[in-house]
Amino acid sequence: MLEFMQQLVNGLSLGAIYALIALGYTMVYGIIMLINFAHGDIMMVGAYVGFFSISILGSNIVVAMIFAMVSCALLGVVIEKVAYKPLRNSTRIAALITAIGVSLFLEYITLYFLTAQQRVYPDSAFPLHKYEVLGLVISNKDIFIIVSAVILMIILQYIIKRTKTGKAMRAVSLDREAAMLMGISVDRIVSVTFAIGSALAAAAGVMIGLYYNAINPLMGIIPGLKAFVAAVLGGIGLIPGAMVGGFLMGVLETLVSGYGSSMYRDAVAFGVLILILLIKPTGLFGKNTGEKV
Amino acid sequence: MSKKGFSKKVALLVLAVFMLAIVAGCGGDKASDKASDGDNKVGDTIKVGINCELSGAVASYGDNARNGALIAIEEINKAGGVLGKQLEPLVRDNQSKTDEAMNVSAALVDEGMVAQIGPLTSGAVAGSTPVMMENQIPLIAPAATANNVTVDEKADKVRDYIFRMCYRDSDQGQRMADFAIDTLKVKNAAIFGSTSDDYAKGLAKYFQEEFESKGGTIVAVEGFMNGDKEFRGPLTKIRGKNPEFIYVPGYYTEVSVLIKQARDLGLSVPIGGGDGWDSPDMVKVAGAEALNNTYFTNHYSVEDPDPAIQSFVEAYQAKHKKAPDSFAALGYDSVKLLADAITRADSADPVKIKEALEKTQDFTGITGKMSIDEQHNPVKNIVVIEYKDGKLVSR
Amino acid sequence: MSRLQINNLSKSFGGLSAVLNFDFNVGKQELVGLIGPNGAGKTTVFNLITGVYKPDQGTICLEDKDITGLHPYDICKKGIARTFQNIRLFNDLTVLDNVKVALHTDVPYSLTTAVLRLPTFFKGEEQISRQALDYLKIFDLDKKKDEIASNLPYGEQRRLEIARALATRPSLLILDEPAAGMNPNETQELMKLINWIKEEFHLSILLIEHDMSLVMGVCERIYVLDYGQIIAEGTPQEIRNNKRVIEAYLGEEVE
Amino acid sequence: MEDKRRRWGKFLLEVIVLAALFTVVQYLIATGLLNRYYQINLTLMGINIILAVSLNLINGFTGQLSLGHAGFMAIGAFASVIMTTLLGYPFMIGILAGMLAAAVAGFIIGVPTLRLKGDYLAIATLGFGEIIRVVLQNIDYIGGPAGISGISKMTTWPVLFIATVITIVVIVNMINSSYGRAIISVREDEIAAEIMGVNTTKYKVLAFVVGAGFAGLAGALYAHYFYIIKPETFNFLKSFDILVMVVLGGLGSTTGAVIAAAFITALNVVLQEYAAVRMIIYALILIIVMIYRPQGLLGNKELTRRSFDKIWSGRHVSSANK
């Protein structure tokens, strides 16, 4: 029982990372129906920006995180303007292929300039403290990562439900043409969406850096895919869905590798994806909609 | 001008700038390559192929091995070269793919290499092997540990032109099992190794065989994949089995994170591994405290006061701003062994080099004093190294 | 015996009923119109008949055979063909190939024959081309057979869609606003054409149309749909004078 | 009659051109003018053409974006090697086994997933491709992650050439038939196709199975040239590689796929010294092609003799106008 509880704790902190990445994924999808394949790689860039601001500029963790979030927000906006915007009226497949292109581009341009060597976050940036509660081991990093994921989700939910920009976002996601006719600047809203989504990815990147210490140019691929699975699991386009999906994925993976075989862990993740897509493509929290004829 | 047209133009501009930057970058590289080789006329150099994983899944291995090899070539050339000729490195990237490894070897043969250093992984070496055998050009694999790299096990024949610089999997696995039972006096152990390469799988296999044959019990066998960062699931499971020792064959990229998580979960038992652990990143990622009470089998220690080792470590540090790992050291030694063989053969003819390599006796590299046995494996000492407060201590 | 018989058909989307307790029939070689204000559920009825949507309840019978819930392609094989309100041609294919796709239902050669290019294949292709061309001729499109469908002017695209539907050799042809976007002259032409093909191919035709002159001109019988329910049925003359229909269309204050 | 004569004339011309191409290359290999390095890349070119043409059937003609093509290639590779290297059957049996196994896998995966649309399908196929890889990595009989090595080299130029020609001929003949029109109608408008009597699921699965089968063929040829196969070789990045070729050539253009596959292979040769840059250039190609020519270089047009004639006469006219 104790072991199971420990696995649950492990799974939740892993899930928090997936949830953070999935939040950005799901936001972008909600607004422009694009699977932003490059999202995991934006996270990687965020991790690197955080690393360099700590190790070169000597900034503390809060500054590093803000720095990473701001630069990735800009990066996200630039990517959208350069690669995705010209395709807004093309097929979704064209947009998806472009996203794959952007993803490969970010990975290999980083590899080219920073080499394949992993970089190590200085341990002093966020000293570890362990707590033992009833035999369960929980660290301050676990708590930090879970709490910040939840806080960011709440902030995001607030922005979308309560602010004017958020309302405009929902309008754009429901009907872009109509939103435009109502005087909403679709370009601005899409930019804001990318900025927020990318900033969240950057935050996740810095957290991964802090949590696992090592970062490398290809680190975004697998968590990116897993986070996407999480977003689909919860219902893509839905903020709470991404959150729950992320935590579920984390727990599921930990349980599979804890009680089954870690070699099948990735297969299980994709298996879940396929099952969800086949049984309820709109995810756990999504509503079904058919094509209009 | 329409708005859409404008955004497309902006996109083109940005992409064009990227393209230019890259092309300029390449051009620059190429120019500097040419400049350094410029003094030597064709035919005056001995061409050494360096077929490494510089991109793709295991790019960091290849990157380090290449760095090590190039330092060796630089040293040799500075000291006047081999047989009065300079060594000319032909560095190519096999993208961590077996087919590209073959492709690269064929290209290097075409360019007139006399021997090849690399690739790093056993799979890529296997890809490269047919081309080397067909063209009768020796290959020195710095780190390909699978037993069948140098021996065709089905035909029970040694692969004439394939040599290696590292231990076989069996050597290291057995050594650590002996160390665990004889020195650490443990009676049961868990194995938690990488399952995505044959190196770690081999180590695990031979460790288990030896450990059990010496009367120990293996209480749990778990695996992870290269690239993983999350190990707490299986570690929690292992913790439930209360092993006295955990054997973690794999590379430092994963092992460092793994050890940290093991210690965080309160697993304080000794942990052991192989030469894949050897990297300064171990201490940086896992932290000195977590690494206490961990041991790994290796060729040498970077903290060994031996002058040859120290001068290599210094040169590497100066050039790459970090300490070398085992790939770098093995890459370095592979070139040194090749130079030694060329000198002994008194010829840069590939077949003669191969014959000289086969006759290697008591060659002293930084990874130890070695001889090449009839199966083209180096016979050299294995040292067990302990991490003590972040320092490496030979046992 | 009627060709199409619908009993008690209902369909709702997310709690909103689009079609409710719908009873309906089309006789042999009868030309029936289905009219109603926007959003009355006309296209939904068509989608239910052709299998695009599955009904919540009720039955649809063609020639007394139950076709409820079948796949659209099976329903097509049973003899129902249709056009779409917002033209759905195979845009990148040529005019001829658009019709040829519809002739696929009884292709005279096997896949292996096609891959091996046996003589049967060439004979079969020739036959398909000839048939397709015959259908194009009816609609005066044979001269444009090699043009890409999306390059045709609007009126011709409408005609091509009907030609394509006809090529599946239906016994019931369903036309969803065939005259939309046409000028009065073209509409006039179309009316004649519809009548002609009905006789020529012994078809029953069911059409949705907003152009009242067309509906009143060609239809033998008309159903009026409002809020998913039939509010009137009868000859054009009866419908023209029906009070509920006028209310539904124009609102009550007109009285 | 006229038609028939023209048909035979065209057929004869094609046979002559192909025979000439075959003989020239065979001669170059036999005389050693084409060394091992170029032979390797020639082999890769053939394999890439098979992969691109077969993926194009799924992505281009049927309009179903699949990102799992490398998975089928893996199944073909491993199935064929099990037959030849492990069980000792002849190469031909290995090839057929590889194709069959991949086609069966295509069927098993295609039936449930092809109900999905657009990017959902893309992600599901990506997932299946990865599942295939992970499962292969966990089968000890085929060597686990280390794979199988010591595979004899049996993919010779004649085998490669015949396989490539057969792939192209089968897919082109299939597309230019009533079955092909049904397949294309699925891409053009699924609902209209269904209404016109096309069982869209059946044709999607058909295209998927045929495409997977030829990917299996490519896998078998690959395995018997490169001496070693590992599951890792066939990860989703390999699928992306094939996708780049199809997209570059034009979704729905077989000639485009052939040209792009040949071009990308050649580009790989040119850029071998700069492999890291190669991936960046791939990425930029994807982005630029999608922005400026989302339909690919040739769109869904084929490059035929007639199109050359057209270009020629076009030039003729324009020069006459001056």
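So that you can tell them apart, the chains are marked A, B, C and D in the order they are listed, and the count of residues begins at 1 in each.
The rule we apply is simple: a residue touches a chain if its C-beta (ideal position, glycine included) is under 8 Å from a C-beta of that chain, and two chains touch if they have at least 3 such contacts.
These numbers were taken from a predicted model, which means no experiment stands behind them.
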Set of chains whose contacts include both subunit B and subunit A: D
By mean Cα position, the chain sitting nearest the middle: D
Chain whose average C-alpha position is farthest from subunit C's own: B
Centroid distance [mean C-alpha coordinates] between subunit D and subunit B, Å: 35
Whole-Å separation of chain centres (CA-atom averages), subunit A against subunit D: 34
Inter-chain centre distance, subunit C versus subunit D - centres from mean C-alpha coordinates, in Å: 40
Rounded Å distance, subunit B centre to subunit C centre (Cα mean): 70
Multi-chain contact residues (two or more partners), subunit B: 8, 11, 15, 18, 22, 25, 54-55, 57, 195
Residues within subunit C bordering two or more other chains: 52, 84
Sequence positions of subunit D contacting 2 or more other chains: 137, 191, 276-277, 279-280, 284, 287, 291
Of subunit C, residues touching subunit D in the complex: 50-52, 71-73, 76-77, 81-82, 84, 88-93, 97, 100-105, 107, 109, 111, 114-117, 121-122, 124-125, 128, 164-165, 168
Residues of subunit A touching subunit D in the complex: 35, 83, 86-87, 90-98, 100-105, 107-109, 111-112, 225, 228-229, 232, 261, 263-264, 266-267, 270-271, 273-274, 277-278, 281, 291, 293
Contact footprint of subunit A on subunit B as seen in their complex: 4, 7-8, 10-11, 14-15, 18, 22, 25, 54-55, 57, 59-60, 62-64, 195, 222-225, 227-230, 232-234, 236-237, 239-240, 253, 256-257, 260, 264-266, 281, 284-287
Contacting residues of subunit D [partner subunit C, same complex]: 3-4, 7, 169-170, 173-174, 177-182, 184-185, 188-189, 191-200, 206, 252, 300
Subunit D residues touching subunit B - in the complex, by the definition given at the top: 35-37, 39-41, 44, 137, 144-147, 149-150, 153, 222, 226-230, 232-233, 272-277, 279-281, 284, 287-288, 291-292
